[in-house]
């Protein structure tokens, strides 16, 4: 709609050649921020199970407290990732009900420790104990977004029988997150066992030529299992967010 | 050893036709697929909408024909990717009904050109005309796997208004595939507009410091949109497969 | 040896006050700066709006004070980048009028906080709050070089509507600086909206596979917008300097 | 402006409580595609000196002819880069007036060979004879965009006196393009000599550890001259486009 | 100077046929191989089962024929790797008994196709059909070096049950070679199943971000199985050589 | 389900105490380790000479003590790598017999300092004094796994005569470990002198362009000696483990 | 303008045959080489033994012939590197005396095959037969620059005794060039044996993880021998040039 | 076994005091250094001007004192690089005459500050003040090795006139060292001005995409000046050592 057409339309409206509804319909495909993005944000809150995310890294404890305060005052559930102990000490002084999940470096409501809440099933599988922080961040994120989420830890590919013993749970999950450092091989194996989308998270765990997670990242991108997609190194939050979004996808109509 | 053979063996044991030691010996070498993994393969065929994938690159035309022959003889729908014109000429001689989708380098049934078949909606968005082959491979893969799939081409971020004009379709899709080379920025923008999972496909399109798609790959992995996950460079098939799997996820119970 | 000295020497030769050998000797060791390069330095001071730059990183507070002292004593305006709080404490003791712009890590005159001074318009756009230090360094540098400069912060591509709301200012700027880490996609979008030169600054902000800004750098180099050029990672000073030079380019004659 | 405010405003217009101009003004900050992007495109054509760019690489000769045909039929001047001899032969058959600049791999109007046309001065400097194709592409692009453009070739830093002999022209240019492969050192030297913006173009020329232009690219990004910005490897077009945009920047008011 | 010549010289010294100074002079320039290193070469021939290796890549067919001729004339068994069809045609003309193993690109004696010859057991496991050429080179090399060698092909980790069905053979092998491209995960899984040394061979097979085998190489170096060591990308010969050396290690005394 | 439980269940089936369906159900969920993988673990303990490995890095002293306590209580010999002094102080308080090998950062039994224990011969050769920690870790690992192991230190290739003086011991070893940083050249030289498998360990020792061991790693992977295989950077444990496994390989039958 | 012309002009000024303005004008546009840099070029010719270098790669045969023609017509000896057979055929037609050194891809005078010409001694050592082209280019370059030069080929570090047999010649050389691909270990060993400067040339020879010579390059840069410096991958010409310059350094006074 | 012992043994053989077999046995285990390599070490001391090098990094102050003590007790001049203040404090307590050159991080005799000692001329040129530590290490190393050595600092290529003012000294030097970080362009310019060997030292000075000196390193390796060779990043010692070796090369005979 160019300027001339716009003027013409407004004149038509003034002259009652078109109705107000017609004018509205034409204009409804216009400024995105005014007409529709707010709905997206509204949906986002629902989809998150009411949780709003605070990324703490690089923020002072006081800043984190202020943001959480603002969220709570407008009724949102705060969910803070990459939170240090210092962040938590400052938060706890004002909001004693919030819990620090230290392995995941997450601050959030107490109910996130409840494995039975939420709908569907997001399964988080990690290769070694050193991958635990990233895996726990993914787990709690999935729960904060409204999914039921469980974890299987320490099932690296060099002891493949430990993984195979969990085939039952693997095949029940609606979305899977596989967290691994070093060679990053676990997502391919899980991808072959599962018939659902697998989100692979490379971690920076490793020695020597792991090059800060690059080895695992490249391994996962080259996975021979076609249901595997990949997020950034150590990005447990992103994996939990995307897996929960998949898990809670509304049914086909 | 399939289920029937297992039942037969257990019956033999009950009838004392074999000893306990013989039963143990057979069980200890029991191929794992016989116990349940084969069901995965069965499910896979259903999930694929009956299509079986043939990766043609590195195979001779004769080999491709032989594989397709075998698939058709057991009732499967062949879907061949990375197929050259030579592959197609050999295939057409024996199976004149199969169609060559040259932009996507795919050989498959004629109905894949029908945008109205399939369920749900997978939306494939590509940045430039050079990304078309990868985008088309993703589109046809999603259709072959049973999804309804549409494409929006040539909406790179340097002309953002072209993309914004498609916000309506973007918000209707259940899973999105975003294909881009060069700076790989498109998935972040789409991820911000869409409330559904976005699978990003970096392409090797680009000049100079694109380094064969590395620039786009890194850009996508570092996306600031949390609903974006990434597959390998030029891997349109993998993106179509995973997006269709998400799109067709059964409803929560 | 400037032009006058050269003329004088040639006259001396004509007048036989010096020998041919003496003339040859002087010419053969003639310092190049005497012939014209010194003018460049003179121009540089004018072009900078009188500001002289001090790069503080790796210098002791005492050294920084000494350099600023020397600059002020010859009438120049000091402008110190990458300055720590320690640098500033030492500087303030002697020059209490100088201000510390902590977000930008810059020490400079108070008038740099005035968005209305200077000519033309350099617009600095940054993607996330973590890109702020680099963006502010660019902003203050542009002002110190004599440009009017404004900033738009936190308009990353995953929330594209925030950026689109600023199209008016984007189209008024004579030169633009776009600062972004992570996927580095913002310059391409801005490049498409603006009809003026865009200088992209990748930042080292990011996680995992951002590899210290490499992802953003490659993304920007591969921008599909032809009016985008790139400076080094985190080089806010260089971007501000070049953008101001463009903004203040004398008119065509 | 939300839906209610929009309805209210349209009603005010109908009731003559606001004028049509007021309504237009309010709406003018609305849908970008409808109200303003066309103007951008219009401006773009003017700014280009009437030339429209066709990127030939990856396109068939027939496609290139069709695009040029379309451009000419709506009055635009075609300017085709990365054109092969095959592209040109197809184009010449239909448009015998178009010229093939083989060194630059460009198809364009004959007047691009005229060094005196255009306004201002863009100076293209290249280090070695092997950098010539990229330098010529930059030169012709700048001319096609309406700038006067000249070139200085073969003035690599290992013979610095050849460059110094051109200091006069270097200091007259309004924007400079420096094209170099191998160690990529030339932009730093030129940046120190020139008081105007320098756009550096790394080329893939080099042996061994040049790694396809990476050595030159990194060198240029790390330039110690603050007026140097960088474009992608071998991207002569981008450099010519950006330099011409700088050169032709309208005067400050 | 071999041992006999040394003895002769010392005898000459004793008999005063040469002076002490002459003896010293000869000793001071004494080639090192004459004192003992030659024994290494002698041992090498035995250890190889009589085979001598010819690396054909970069050699003309005529050169390869000449080298094989020389080897046969001194009683050695030629074993030529990276041989093209052209190499073989030239060789066959003179030595019709030699066989071309085209999958492995090897020229050697016919008995290398016999899986029952040789001692011990080297087991070669490969992930995909595209890894076959490297796996076959490793297999034939192990046989040529005197080992019994078998292969298991196409047991990639995304279909882990196929590999598990071979646990029996895996646990019988004395040394294992695992050949894989793409994510390079297979060696870790095999390493966990086998109680013997595993030599991993990354291949350049893969798409996009496999970067010519780098992804697989890094994956293998970061294997979490401690019995895995790695050779160069596509180096099937080296793996076969080292595995056979391990397999045939003489018993502890 | 262990072997006994399996036998019991089959007997119950024979005795009709359970139905065939019950037997099938139990078998279908049968944990894989119960069928035979546990034997692998049993063998592993034997093969290690009774030692069980604890990787200390990233674990607290208390965690390390707890793990060692558990190992000792079930009769295993603890062998702890990457142990800090803090780890050792905590361990010593409870287990005063355990020794801290500070150069190797290993905690283990006192007899590991005995070069005469164990069977066969693993020879550890290191290039410079800075490679010592990795070399010592390899040495002690080999001993803990039951091998006799000796070390030759500081025989870098720039002083080749020092290495040549040790040719006798090099030719006696059954497996060799070569540890080197910087250019990583030593394994090739040793590989040419030895007729046995050589495991190369790149170290992160080096300056500038060693890039954390990458230079040494690439050098070793490209070794022209065919008996060289490589482990990860600084992975002394892995090299000692694999070399001991080779050294103690049971005799061919 | 050479020295004589400068003296003449100054004399003309003294004699009033030209005006001061004319003198100034000539001086102000005086090419820098005329003041002294030309002496460098003059020296260069002497230093080169009269040879002038033509780099053929990327030039047409006709261009190469034209350049050689120009060189010969002003009395210089042409020395053309990276010359193909096509280049030589064109050159031979006009200059039948020039010889093609095919291994080195060099066109030059016949006397370059004479190992006894020239002064001092540059020794070129190469690791494998595949390094020969680079080594020969270095050898012929050193001779063309006036040095006596000899070569030792095929003395890779995996057969160290072959190198040690040449210690005598190694210790006689005044400058050494060591050419190696793969692991690039040879310069360190030679550096330890020689008491003179060693110039290392990495070659792109290698497989898999040699990454086009990067492995050798990094190895050489990290050499533990302090008398080793490095040139670019495959840069035999540069090594020969620099080694000859060292070899022929005038004596200390 | 030194020369005297060898003569004695041969005499014993002549006198029949030992048997031929005994002589053979002793010769076969003859340490290589005894036959001639020790002379190299002797020569090395002479060549160094009596200085012996201690690399302090990674050594404790006590270790450094002990090594210096040993050197002094056998008459050598200690020269310690990469020395911290702590190292020096420990050394000074025992050897108060030794001086700490803090910029270069070197401990050595006081006369190293004397620019007039030594023979010939090694000229050290550095680009920026941040390159000073590496440049000073090179300067002092060259002096310690017996060369006269001078330095020119802060002559980066962006201010080329400062460098050109030093052309006189550049052309007097017998060997040059050029130290530069950032883009590493200086060696090419110096290489073009000098007629002598230039050793380039990349430094890790730089920001963003300098990647720890990689940008400078690649730039220098790709230098278009043929007399430039390169050492490792920050390796001032190696450059000083090699340049002094070139400078002091004995005259041709």
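Lettered A, B, C, D, E, F, G and H in written order, each chain numbered from 1.
We adopt the following convention: a residue touches a chain if its C-beta (ideal position, glycine included) is under 8 Å from a C-beta of that chain, and two chains touch if they have at least 3 such contacts.
Since we're looking at a predicted model, the values are computed, not measured.
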item	value
Number of hops, chain B to chain H, where each hop joins two touching chains	2
Chain-contact steps, minimal, separating chain E from chain D	2
Chain D-chain H separation of Cα centroids, rounded to whole Å	49
Whole-Å gap between the CA centroids of chain C and chain H	39
Whole-Å gap between the CA centroids of chain C and chain E	60
Residues within chain H bordering two or more other chains	36, 164, 193, 207-211, 214, 217, 221-223, 232-233
Those chain pairs that satisfy the touch definition	A-B, A-C, A-D, A-E, A-F, B-C, B-D, B-E, B-F, C-D, C-G, C-H, D-G, D-H, E-F, E-G, E-H, F-G, F-H, G-H
Chain B-touching residues of chain A, taken from the complex the two chains share	29, 32, 36, 40, 43-44, 47, 119-120, 164, 167, 171, 174, 193, 195-197, 199, 217, 221-223, 226-233, 237-239, 241-242, 245-252
Residue ranges of chain D touching chain A (in the complex, touch as defined)	1-3, 6-7, 10-11, 13-14, 16, 20, 23-24, 27, 29-31, 34-35, 38
Chain B residues touching chain D - in the complex, by the definition given at the top	130, 161-162, 164-165, 207-211
Complex contact set, residues of chain H against chain F	29, 31-33, 37, 58, 202, 204, 212-214, 217, 232-235
Chain G-touching residues of chain F, taken from the complex the two chains share	127-128, 156-160, 164, 181-186, 188-189, 191-193, 206-211, 214-216, 218-225
